[in-house]
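Consider the two complexes below, in which chain A is the common component and chain B and chain C are the respective partners.
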Partner chain A sequence: MAQSYSLFVARESFVHRLNPLTKLTLTGLLLVSGLFLPGIWTNYLLFVGIVLPLSAAAGVTKQLVRSAWKIVLPFAISLFLIQGFLWPGGTPILYVGPLSLKSEGLQFAVVSTGRILMIVSSFLWFSLTTRPDHLMNSLSRIGFPSNLAYVIVATIQIAPRFQSRAATILDAQRARGLETEGSLRTRARALVPLVIPLVLSSLIDVEERALAVEARAFNRQGPKTFLIELPEAAWEPAARWFMVVLMVSILGLRVYLAITRWRS
Partner chain B sequence: MIQLMQVTYSYPVTSRPALREITLEIPTGQFCALVGANGAGKSTLAYTIAGFIPHFYHGNLAGSVLIDGKETSQVPLSQLVQQVGLIFQNPFNQISGTKFTVREEIAFGLENLGLPRDEMEARIQATLSLVGIEDLAERYPLALSGGQMQRVAIASVLAMRPQVLVLDEPTSQLDPVGSREVFAAVRALIVEGGITVVMIEHKLEWVAVFADRVIALVDGALAADGDPQEVLTDETLVGKTIGQTRYTRAARQAQRSGYWPQDRQLPVTLEQAVDGFRESRGTPAG
Partner chain C sequence: MSRLKEEFTTTTWVMIPVAIAINIAVGQIIYTLKIPLYLDSIGTVIVGVLAGPFAGALTGLLANLIWGLSGWNPTYAAFAAVAAVIGLLAGVFTEAGWMRAWWKAILAGALTGLIAAVISAPISAYVFGGVTGSGTDVVVAFFRGMGLGVLPSTFAQGVSSDPLDKAITFFLVWLIVRALPLRFIARFPRAEDVREAEGSPATN
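For the complex of A and B:
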C-alpha cells in the first residue's frame, strides 16, 4: 500500500535545499514563460535548458521523464493526429488517402504539446523535490490560511488509507456473496453496498479527526509557530522578487503586443 | 480538580438525555476508570469533562462543569485543551496527517499554541521519554503500528501539558501487544504522578490493578462510584452493565459451592484471588 500520494523523492541536493517558495516561484515563472512567450519551440527550449538540468541537479530526472512521458504522450498523439489532419484549410504537406496533413495544424500541435509538456514537467519537478508539509509551512508563513493548508497536506497523506479501506469493504462484501463482476447492471447494483459503508465510515472518521485536531488547539486564534526551520539562502528572497518581476514583464509584454496588434 | 454538578446533557435533535444529573468530584492526581455498557454515556461524559461538550457538540447542557474552579463553557476550547487532554479510540484518526516524523507530529499542537522553538524542542524531548517512545522520534507517523500510533497520540496531547488526561477506550482497537504498550505508557504517567487520569476501559483486570477509583454508568446516570474492589464485585452491577473480572467470576462460582472464605471480599486481581483460594485450600469453607 502506498503510504502517501506525495511524489516527493528524498535526496540531498542543491534543489532540495531551496526554499519551497523559491521553487514555487520558479515553477510559476516557467509556466508564464511557456504559455506567453512567442515562438513555436520556446517550451521545448525551456524544458531542455531549465527543467531537465534542474531535475538532474536534484537527481530526479528518471522519475520526472517517466511520469511526464506517460501524461504528455497521449495528448501529443491525439493533438498531432487531430490537429494535423483536421485543420480547416491550411497548407497540405502530405496526403494520406482522403486526408491531408496540414502544416498549420502540425505547428499548432507542436505548440500545444510544448505547453502541456511545460505544465506537467515544471509541476513534476516541483513536487518531486518539495515535501508537501514544507510547502504548506512556507505558505502559512506568508499568510496562506492554515485550515486550507491542513486539508491539502492531510489529503495527500490520508487518501491511501481510504483506498485501502475501500478495498477492505470490497473484500468483505464479496465474502458475503456480493457479485461485483459481470454485466453493467450487476456492477451498478454492487455499487450501493460498497459506497454506503465507505461513506458512512469515512464520515465517522472525519468527526473523530475533527475532534482530535481540535484537541490539539488547531482553531486557536493567534499566530502559530513552526518546529521546522525551512532552508533559505540569503539570496533567495531577492531571486523570488526578480522572478516575480520577470513574470509581470512577460505578461506586460504580451498584453502590450496584443494591444498594438489590435490597434493596427 | 474536576467538578460536575447536576450535569444533564442531551445531544442535538434527541430528547433522551445521554447524561442524567451527574454529580462528581475527581481530585488532582487521581486515576479514575469509567465503566459501563455501550451507550451508557461514557464517551459523552469524557467529552463533557474535556469541554468538547458544549464547545464542539452543542445540544442541551444543564448543570455545571468546573475544571480548576472555572466553568468549562466560559473558557475557549483552545485554552481548555491545555488543561484537559483527550485521547480517542482510533489511533489513526488522531495523527494529524500533515507531518512526516513523530517529532513533528508531537509539535503540531505546540505550533498551534504558538510556542517558541526551543520550548517545543524541550517539551517534545520530555514527552518522548515520558511515554517511552524516543526510538520512534524520526519515524513516519502513519506507518507505525496501532499501539505505537496511540502512544504518539498520547504524547502529542501530553506535550501540551494538561493537568488532566481523558482517554476514551484507548486500547479497544489495538491488538494485545498494542494494548500492553499503551497500558504501560499510561501506567508510567500514573506512577510519575501529578496528572489526573480519567480512562474509559473495558479491560477490567487492568482497571482493577491500576485505578484508584471506578465510576460505573448505567443509562447516563451514576450507578456506582468508589473503590475498584467494591464496585467491580457489586453483584447488582454485574448483569446490566460492566461484567466482572475473571477472578471475581471464578471466586463467585466457588463461593456458591462454598469454596470461598465466607467473610472474605470477592477478588478483582490475581493476587487477591490467589490469597483467597489459598485460604480456603480447596475445601468447602465452614
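For the complex of A and C:
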C-alpha cells in the first residue's frame, strides 16, 4: 500500500510483530478500563504505565504524543474552562475575577480529560503499530465476513485518492474564479460547486468497481485461502483470552458498584 | 432476510467504501472553507437513500469505526451508533417518499439531526464531559452558566448544530440524486423512491 488512510508507521519491533488480534484485544481492554474503572487518576496511570511503555517499545512515542496532544488539548481546555468555572454550586477553591474554580468541576474535568486521553491514545497506539490489511487478514481468519473486510480495506486505500481529488476540484474551481475565501456567505456559496462535482465523479466509479470485483469472484461462497501468513507467538491466543476475561470482570465490577450504590 | 439480500447487492458493497471516502474528502473541503458545519455524513446519507436503511446504517457505523481505527479521528468511534442511526433514518425517510421534494428532504434532515442530538448527548456527556473541543462549546458554557446539568447543556449544544447540519446534508444529497444519471440510479434497489422514471409526470 503506497499511500493509505492510516497512521501506520513501519518499524521492526516486538509490538509490530504481535498478531493484530492481540493488539486489537488489548486496545479493547484499555478502552473498557478507561471508561469503566473507578478513580480520578486511573486513566492517567494506565496511560503512563501501559500506553506510553508500549509505544516506546514500538518506537512511536513521538507520533503518539504529538497526535494525542493535538486531539486532547481542545477538549481539555473546554472542560477546565466550562466545567471547572461554571459548575453550578460547588466548593470554590480559587477566585479569578467574578468567577471561581470549583473543586467538583475541577474533578469532573480531570476525570473526563483522562477518559478522552485514554480513548485517543489507545486508538492511536493501535493504528500506529498495525497495518490495516494485516488486521483484516487476521479478522477474516476468525470468521469476520469478507464483505466487511473488503469495505474497510478499500476505504483505507481510496480515501487518500479522494482527498487529492477534492484538492484538484478546489484548484479547478478557483481557476474558474470561484471565491473560496472571504465572508461566511461567500464561503458557504462555494460549497455546492465543490461538493457536487466531488460526489458525482466519485459515484461514477462505483459501476466500474462493481464489475471489477464481480469479475474477481466477490460473491463466491465457501472457504478462502490467504496470500500472506501472519505468524504469532504461542502465548498470544492465551493472552487474548485472559484480556477478554479481564474486560468482562471490569464490566461486572462496574455493574456491581452501580447496583450497590443504587441500593444504598 | 430477503430484504437484506435486496439491499446488499454487489453495487451496494462497492458503494460503501466510496461513500465513506466521500465523507472523509468532504470533511477536507469543509476544513479548507472554514465553514462551521460538519457535513461528514453526505456519503452515509447517499447510501441510505439509494440502497436502503440497513445499508445506510452499516455505512455510518463503519465510517466512524474507520475514523477511529485509522487513528485520524479516534473520538468519532464513540459516536458510531449515532452515525448508524443517521444512515438508517436516511433510508427510512426515503422509503416514506421524503426525498422526492427538496423541502421534504430538508425537513427529513432536520428531524434526523434532532434525533442524532438526542442519542449523542448521553455519549458526549459521559465520555467527553459534555464538550466537543470546538466553537460550539460556547453553547455548553452558556447553559452551564445558567445552572443546567451536564446532560441538558450537552443536548442544547447538539440541538444548536445538528439539525441545521443534517438539513444541509440532506438537501445536498437531494441535489446529487437529481444530478445522477438515471442508468446509475436504476442499479440500486430503492431507485423508484427517489426519482420518477423519465417522462412520467413529476409529483413535486
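Everything below uses one rule, namely that the second predicted complex is superposed on the first by the 238 of 264 C-alpha atoms of A that agree within 3 Å, B and C clash if a C-alpha of one lies under 4 Å from a C-alpha of the other, contacts with A are read in each partner's own complex, and residues count from 1 in each chain.
Here is the rule we use: a residue touches a chain if its C-beta (ideal position, glycine included) is under 8 Å from a C-beta of that chain, and two chains touch if they have at least 3 such contacts.
Values in this document were obtained by computation on a predicted structure and should not be read as measured data.
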Touched partner set for A:N219, first chain B, second chain C, both or neither: both
Partner chain in contact with A:A188 - chain B first, chain C second, else both or neither: second
First (chain B), second (chain C), both or neither touched by A:I158: both
First, second, both or neither for A:E229, with chain B first and chain C second: first
Which superposed partner A:S33 touches (first chain B, second chain C, both, neither): neither
Which of chain B and chain C A:N147 touches, first, second, both or neither: second
Partner chain(s) touched by A:D205 [first = chain B, second = chain C, both, neither]: both
Chain B or chain C, by number of chain A residues touched: C
Touching both chain B and chain C, residues of chain A: 150, 154, 158, 161, 205, 209-210, 213-214, 218-219
Footprint of chain A on chain B - complex, ascending: 50, 52, 56, 76-78, 81-82, 85-86, 88-90, 92-94, 96-100, 103-104, 107-117, 120-121, 124, 140, 142-143, 153, 156-157, 160
Sites on chain A touched by chain C in the complex: 5-7, 35, 67, 71, 73-75, 77-79, 81-83, 86-88, 108-109, 111-113, 115-116, 119-120, 123-124, 126-128, 132, 135, 147-148, 150-152, 154-156, 158-159, 161-163, 165-167, 170, 180, 184, 187-188, 190-192, 194-196, 198-200, 202-207, 209-210, 213-214, 218-219
Residue ranges of chain A in contact with chain B within the complex: 3-4, 131, 133, 136, 149-150, 153-154, 157-158, 161, 205, 208-229
Interface residues, chain C side, partner chain A - complex: 8, 10-11, 13-18, 20-22, 24-26, 28-29, 32-36, 39, 42-43, 46, 62, 66, 68-75, 77-78, 127-134, 137, 140-141, 144-145, 147-148, 150, 172, 175-176, 179-180, 184, 187
